[in-house]
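Here come two complexes built around chain A, the first alongside chain B, the second alongside chain C.
What follows is the complex of A and B.
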């Protein structure tokens, strides 16, 4: 199988892992499953899109579809590089700000009232509905629609309401294939996030503060750690990473429907929860791996199985596989794949989880 | 006048159907403390009973007398078969229709309860948020199965199965369906109110509040949780059937899979029971009435006009999207405001009115809350 067939699954898996790690970060700190988490990506995507369209209209930027070469590497970059950078930064900051708003404006006051974790989880659901309501209004406002109309006259069709944006993807030649920039970006970002988070939680003072606050909040408080602020930073990071994922989703047109508010509850939420739980809800690196695993199961393993069994209709049922993954994980290894000590298995010759 | 009747029918149908769904969830989440975030799957079961099983049975009878109707045609050419039956068969066979309605109710109770029993198997091992996430995932997986299995729920997610018009023998099928919905809601209310005061209902709440104490008194908490799950899910199944038989709210003519999503039938019932108060049957009823009336009447009907007003004030918002947004904001704000200001709901959980309690209340000075009786 060539590399090309791997690209869509890898892209999806990277996005899922980026979103799963945020669920884990917020669960580890406050013991709340955040239903609004995936919506951060949508909000961030819309803000990034609006910013990029404004810049395109303001600077009269046209698409450049020519293949260029730099240092012997062929690439296509339809928009100037700095626009991508601006969009990326806007998306990640918006994601982080929405997350921190949820933490300080809703979760903290409710927690102080003594609500149990389940009630807090439901309050994130309420916040999610508010975000959907906001998006419905935001995407249909006159200035935005005018902006989209202007932009479409410059760079081609732009349908802002359903995020049908013509942000043509960038390409880079690796070997014989032109690899989509978004795929490469998602992969690189997933790897970088893993490394940065591992470094942050294990080597820096902030990470040690965070881990001690998770382990025993009261003791950390006594030792002078501002637990509230540490948790808020964790939530900000979770939102930041979700915002990055939202920016990447702008370029994968076939995946846009997952975050469009016009179909408010598409199943990506469930896949993200699945990734977070399968990987290990108490382990940051584990949840990145779990998201990757679920993504590969849904977009690569199931189509492969369908081809092997010659049952093409099986592809549609890919969410059922993640359902079983979650059920098996929760029932048999509730702390996720990251909690398995593989050295034990080698001695006992026990079978691992599929 | 006809507009008013349709509005009243819509509001009453909404209240009736949502009351049954929410009380099923309240039984699980409020009385028993099982955070069921997969409630929509039991509801969808009721829809399948009407759209699939009942249509097949009716087609088996109709195939003898009416040309163009075959049993296989119920799935293969669903719209055509059901249109023929709805015009030529159901209006002329009132007793068969009533029988089919009763059969649908029995089947959906059984199937919803069966599905609830299966879902209760993991519920016995897990607790809290993890159980909620598991049930959410299972419901989504099941929804995917329902969506793409043609023999279960039709060919495409958005079209689904047409439902049989089992009230077409009456003079006004809309009014008949609404009355049926309200009667079902009242029966369910009587049932859960009885259950609330019965030993079984008190056992649910005892097991919720203190498992160890309940087990020490010789009760098996595992079976108690299973029973609550079965009864609550069966109620959701009934609600699904009532919904599919009702021609309003998008049901009735078409039972599309996309209707049985988790926003409408899991998250909205959660919002309603939070507003009404956990383990409070009257509270859920009041919450359903408040939300039903305000959502259907001012929000859905007048949001368009409000949006037009805002449109004039240069905000430039699309009225359609505004109506959608208002609905979501409404539910979201209900959840947040109630959790912040009224964590126990508008009518908090009442004490159990057991038989000795009533006797005591009759003979002696009445406690303040029982004076109404």
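What follows is the complex of A and C.
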């Protein structure tokens, strides 16, 4: 297996991690499965792409496909670095804002009316339709911002297709392969997110408030914790991370395909929920691991099995394997893989201290 | 409006409940400083709802709540905690998945660490048993120890007004007596306490002032010791005779 082929599943797995953790974060706090969560990534990607393209056109930036070298490391960076940064920031913030909008404008008012979590869950499905409708407005025949037209005018300046490269992704040479920037970025981001969230939930005041609000909201409230706001922060973080994933997805596929409301990539939602449930719907780190595992099952294990059994069509059914993993988890370890490791860890720690 | 300096909390013509559901009717109440005010009454009378109203966890339909000369009718619950009110809930009043120590650390999350440590030591003087169980999961404590921890969570916050909802519920008589003694001790130290109790006898023996609630209305008020002597009330509402 070539290096690039080795990296591709890791990219997909990292993206799933970043999306699964948001499902878990929002479920832990409000006990609502957020069906709109994955669409945050699409909407965030749309805004990031629109911003980046507008900047590209406005500043008359032409794509630079040349291989450059810094400190002995070869790389290709078609766009100026700051444009990537802007895109990343826009995607993250949009993701966070969309999520917080759902929380404050829809979920909270419904909850105040006394609706049960199930009804709130259905309302997230409604919100998802709303986001899809939004995408249709912008991506239809006569969109307000015509991404496709802008993109083609830029693509026209450099023939990336002939280079066999995606037209906006950066590349870095590792060994004798050019590795995609988005692939490396996804891996790094998944690791960083794990570390930051672990630190945040275990070591900071906000984390303590979050954990107490999750276990017993009323008790946290009478101890002075603004539970609504703590939950809103969790939802914002979930959206922020989804936005980052959306940004990375721009490069992993052709973004024009990705941000379309009818994109085949929408089926990723199945895998994202699978990751959250298999890893641990009550455990942040678990869900990141779960997303990764599901990613590897779909993009590594299933293709391998298909090759071994010489049944290439098996690859098309890779999501069936994810669903199977979900079924097994719910049957035998309903709180996910993280619950196993966790109880052991706790016992050891308790024994040590007592 | 200004409260007499000796009045920490006042309910004025309160009608309250949950959503549209009406539980409390025309309630007027003054809570004197440094005293234990006892709320007694039968099941479902509205004792918990009265405490919830005071802490901002119920829906107020009309009327006002004053705390230390301030109208707090519209202040959210979490801010009332910051204003020096504490509330030991009737149910689910500890974090079961955390250890005793973690519970106390959590309760003092907004207090400087050295001060929090000092206060914990003070709490352990009142409830020495908790100190022996510092690293035990709160969910595995006995009923009595749980209530002690629940009270301690409020106490480490050094509240100016402490609401206690049925701290002796489900305890054996001997343990209940221990808890009442601890509450009396707090009263003697100058804490202002509102104690809601089904165990009318124990509560009235512990408290200074007393309020009898039935069907969401105050039916009698007075010194706790006087209420304890009222045979008519005892028979009708408190099941003491």
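A few remarks follow.
One rule holds in what follows: the second predicted complex is superposed on the first by the 303 of 354 C-alpha atoms of A that agree within 3 Å, B and C clash if a C-alpha of one lies under 4 Å from a C-alpha of the other, contacts with A are read in each partner's own complex, and residues count from 1 in each chain.
The rule is short, and it goes like this: a residue touches a chain if its C-beta (ideal position, glycine included) is under 8 Å from a C-beta of that chain, and two chains touch if they have at least 3 such contacts.
Quantities reported herein were computed from a predicted structural model and do not represent experimental measurements.
Aligning the shared chain A places chain B and chain C next to each other free of steric conflict.
Looking at the shared chain after the overlay, A:122 reaches chain B, while chain C stays out of its contact range.
When the shared chain is aligned, chain C comes close enough to touch A:216, but chain B does not.
In the overlay built on the shared chain, the residue A:205 is in contact with chain C alone; chain B does not reach it. Looking at the superposed arrangement, the partner reaching more residues of chain A, out of chain B and chain C, is B. Residue contacts after overlaying the shared chain place A:8 against neither chain B nor chain C. Legend: residue contacts after superposition of the two complexes on their common chain; A:227 is shown touching chain C, with no touch to chain B. Angle at the C-alpha centre of chain A formed with the centres of chain B and chain C, after superposition on chain A: 90°, rounded to the nearest 10.
Of the two partner chains placed by superposition, only chain B is touched by A:330; chain C is not. Of the two partner chains, chain B is the only one touched by A:136; chain C is not. Overlay on chain A (Cα): least separation between chain B and chain C is 15 Å. Residue ranges of chain A in contact with chain C, taken from their complex: 114, 205, 208-209, 212, 215-216, 218-219, 221-227, 350, 353-354.
Listing the residues of chain A that touch chain B in their complex gives 31-33, 106, 109-110, 113, 115, 117-119, 121-123, 125-130, 132-137, 139-143, 145, 161, 264-265, 267, 270, 273-274, 277, 313, 316-317, 319-320, 322-324, 326-327, 330-331, 334. On chain C, the positions that touch chain A within their shared complex are 19, 55, 57, 76-79, 81-82, 86-87, 89, 92-99, 105-107, 109-110, 135-137, 153, 157. Listing the residues of chain B that touch chain A in their complex gives 35, 122, 125-126, 128-130, 132-134, 136-138, 140-142, 144-145, 147-148, 261-263, 267, 270-271, 274, 314-318, 320-322, 324-329, 331-336, 339-340, 343.
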